[in-house]
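What follows is a pair of complexes built around chain A, which joins chain B in one and chain C in the other.
So, the complex of A and B:
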């Protein structure tokens, strides 16, 4: 049975999406405004974008963000996949322990986790910078990779693994030749999500940044606190374009995988 | 021996996350009972003063502000999000996929950008004021920024996709034949919704509430940018104490209080959604 969507329903849904995207579109629109104030529209310009590339702090923090995000995505892909695959063989008790560990970082309020890591790294004298950023970001990225890979593993027909074993494959051969190829698309999608989450993080990064290694969001936040300037609009718009490029890539890998099957 | 061999590879993973989450949380716990000297350096001396200060009327106010914000965010996202999830699950396949895509897309959009968008819309020289003035509805700009309600709108806006996804999963799993049976027995749409659909989607609602409530306690950048510090929330307080106030033991005590609230909410969720445990992060 299919319930018919009423006119009111369709209207409500459309209204919701307008409100959901209006703030985003406003930011993009005003990045092209010649006037530095949102009070009036004085014409189209690309000056604010040009100004971005001249700002050394922005360029530097962008570099830090990209490096951290790439390393985080890589580390999360490895750790998350390993956790999910290993979970297939361990005892039920250990499986529960892994699951618990994976959910833990997602359940602790982010700011509390940030403070906790700050205090911890401080007391073991770990210098704040790339390493602390990657370690902390991977905490909230690994669980997503784990969850996505695990969902895919559940879909795999167990009899395929058994026949591989019957044909004499070792556990490692089963993982390498059967499991990994099947979960690769999930790993890629999850890593891209990790990349985007790392690039976007404000709260934990606030506490993990070193004196010379500020991430872009932390810098943008400090710019926003001063007030509305079109330069921030331009920067946000560029980041949006970058992220959508990543989303596009992940959709593409999904599609290709479907066609391959 | 066999068990040991099976489990050995999993040990590094559990230890690794345990070391990066469990041990730091233990540090916060210990720190919350320590003192500090006048320079802000931590002194190893047991005290309950930090916890006493949590119940100091000034700080208690901050705590209640945050609880109220998180609660109202939960209610607002539920009221706004439930119909979105419900309508989407009943759409025809193509429109449904589009709707799901539009609901998920904000997860990929920078949260700072989404907060900043509200600054541009609601500011005194913002878009809404400009439009209203151009239409002659108002003469002087409406003051919409830096209020409790501004922070509430921003926080709810940030978290509403979580609520929708949680409810959607629940509504979508609903056995449609139950609804059909309800109609066959003469119930109208309204009765069917309140007697069948709503009770069966309670686990989804509880899951969404949990996913919204906990982050709402600590999104300090939203209250900083949209609330302008007029109402102080837990997140802002902890952030200020760590970055500027240099009173880390107090920040640790507040973090512990926040974690306790989070644990309470999660255990409440566990009770409501007994058989739907996996649902929270799927």
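So, the complex of A and C:
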């Protein structure tokens, strides 16, 4: 009986993964197709990759995306960790309030958030560009850092903190010498997640990038009217490789995190 | 010791972050006077090479804001009308922006090359007096047909939508997957107009649509031409740029402009009422309407140009392609989808019933 279910489970899972990854594989395959159409396979080529690196707009918007994603990851790591650590010392009611406020940006539809931020930044006269992109991306990335760091904080044995205080450490010293080293792996994992999410975003970026900057996902989506070339298949392949790399890295740190405990 | 280093690293990172932010902030101060901000579809909808030539010639820098939908352009223009000079937006959105008083009346005396625009594009419903918009890129949809395939199935040659209902064509038609488009095709085949609201006519169209079902092979919006190229269908209803690609891959495919009429989509230049650099914007508009520039844009983007004078400068393969260099008779037999919001729910409902049959 047990064997039967596990066989079915294996079948179900493999079907699931085939459905999930087959389209992804076809993108990779067609990025090497000599014909620009997906109707025929006319031979292997690397031309699309060559064209990709020659495309100034793609290269530039990629740089913008990476810069924004790195800054977003950094900013949300700092803010998310700070709020998670601070919420250790507040009352339970306050903690619930902080938690609720943190989750809210994740529940609001992106388009509403984008337009609200557009109107807000406009009214305080903040010029649109890298700064608004980083701020708005951090808005939906901070909650992830907060949640992940908080989960880790819950696992910490309170008695460790109390003994640190008994030995004469100030609150700041407790944070600096005990808490932060313990949560660092969670912070790194969460920042990598934030990095990936910032790189992914289209809707908020459309509204936040202003007249002069373009991020890579916005550039790709905006190409639909003109028609997408296989260059984009090549680009998607590279992004996939990059994403798998980041995810793999975050899994690795997670594992180390577990081993450290 | 280790912890001290840790907090030092965090401290340095925070300072670095703040420094970068401050630098960015300072760099993005007031707009330089010699810049034009335009907003439209990305890719090379307005070829960068052309923009660079304009920048070189005039010293005016052009910032190209890419967006993914007409609605995005609308929200951005409404929230910050003083940030954008020009936008290229689709017909119905010109109508919306015009009616919400977002657009500047264009001063044609500053755009001498406006005279190059083919009069067949004047007076469209979204701008009846041609005050607010200048057409830029035109596309239509029509039938791409494999005549040998139709013949070998024993069907009559295709000249109209009506011919698609022949029994012999079973499982041989590919269609764009959008309710308004397909209902429009059926309404036209009945001799009615697009986006009909009269319940009797809509019911009639519904019946006729259901009768087409056995002949449909696939619904495909992104690459319908592939079905004709690989031979799984002999007729496809698709956009002009897709038909062009299909014919390139399989030269025996032929366009058929259905006698009942076709839909047309025109993307037009509009100027924000509060445009910060109107003079620069006029210079840019005049530049891209030069005949040789308009011809090059058409060739690069593979959209039909409304610029009559550009025809002489088009490369032969573009000029002789009836799908790209549209004849005036073809354009005269086209109409816009007007008031989609009025019919969308009902058409979507009928369409999903049709697809589930």
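By our rule, the second predicted complex is superposed on the first by the 241 of 261 C-alpha atoms of A that agree within 3 Å, B and C clash if a C-alpha of one lies under 4 Å from a C-alpha of the other, contacts with A are read in each partner's own complex, and residues count from 1 in each chain.
Simple rule for what comes next: contacts are C-beta pairs under 8 Å (C-beta built on N, C-alpha and C of every residue); 3 or more make two chains touch, one makes a residue touch a chain.
Everything numeric in this text was worked out from a predicted model, so none of it was measured.
Colleague: Report clash or fit for the pair chain B and chain C bound to chain A in the combined superposed model.
Modeller: Taken together on chain A, chain C would clash with chain B, as the superposition shows.
Colleague: Looking at the overlay, does A:78 come into contact with chain B only (first), chain C only (second), both, or neither?
Modeller: In the superposed model, A:78 contacts chain C only, not chain B.
Colleague: Which partner chains sit in contact with A:206 here, chain B, chain C, both or neither? Use first/second/both/neither.
Modeller: Once the two structures are laid over each other on A, A:206 reaches both partners.
Colleague: For chain A, which side has the bigger count of touched residues, chain B or chain C?
Modeller: B
Colleague: On the A-aligned overlay, A:131 touches which partner chain: chain B = first, chain C = second, or both, or neither?
Modeller: second
Colleague: With the two complexes superposed on chain A, say which partner A:57 touches: chain B (first), chain C (second), both, or neither.
Modeller: It touches chain C, and chain B stays clear.
Colleague: Looking at the overlay, what does A:163 touch: chain B (first), chain C (second), both, or neither?
Modeller: Neither: A:163 stays clear of chain B and chain C.
Colleague: Taking the superposition as given, does A:221 touch the first partner, chain B, the second, chain C, both, or neither?
Modeller: Both chain B and chain C are touched by A:221.
Colleague: Looking at A:181, would you say it contacts chain B, chain C, both, or neither? Reply first, second, both or neither.
Modeller: A:181 sits against chain C, while chain B stays out of touch.
Colleague: Considering only the listed stretches 91-99, 109-117 or 235-243 of chain B, which one runs into chain C in the superposition?
Modeller: After superposing on chain A, the clashing stretch of chain B is 235-243.
Colleague: Return the residues of chain A at which the contacts from chain B and from chain C coincide.
Modeller: Residues 37-40, 115, 118-119, 202, 206-207, 220-221, 224-225, 228, which sit in both footprints.
Colleague: Under the touch definition given earlier, write down the residues of chain A that touch chain B in their complex.
Modeller: Of all residues in chain A, those touching chain B are 1-5, 9-10, 12-13, 16-17, 20-27, 30, 37-40, 79, 82-83, 86-87, 89-91, 94, 97-98, 101-113, 115-120, 123, 135-136, 139, 142-143, 147, 151, 196, 199-200, 202-203, 206-207, 217, 220-221, 224-225, 228, 232-233, 236, 239-240, 243-244, 246-247.
Colleague: Which positions of chain B touch chain A when the two form their complex?
Modeller: 3, 6-7, 9-10, 13-14, 16-18, 20-25, 27-28, 31, 80, 83-84, 87-88, 90-92, 99, 102, 105-106, 108-121, 123, 125-127, 130, 157, 160, 176-177, 179-180, 214-215, 217-221, 224-225, 235, 238-239, 242-243, 248, 251-252, 255-256, 258-259, 262, 266, 280-282
Colleague: Show me the residue ranges of chain A that touch chain C in the complex, using the header's touch definition.
Modeller: Checking each residue of chain A against chain C gives 35-40, 56-57, 71, 74-75, 78, 115, 118-119, 122, 127-131, 134, 176-177, 180-181, 184, 202, 206-207, 209-212, 214, 218-228.
Colleague: Inside the complex, what are the residues of chain C that reach chain A?
Modeller: By the definition above, chain C touches chain A via 2-3, 6-7, 10, 13-14, 17, 20-21, 24-25, 28-29, 37, 39, 41-45, 48, 63-68, 72, 75-76, 79-80, 83-84, 223, 225-226, 229-230, 241, 245, 249, 267, 301-302.
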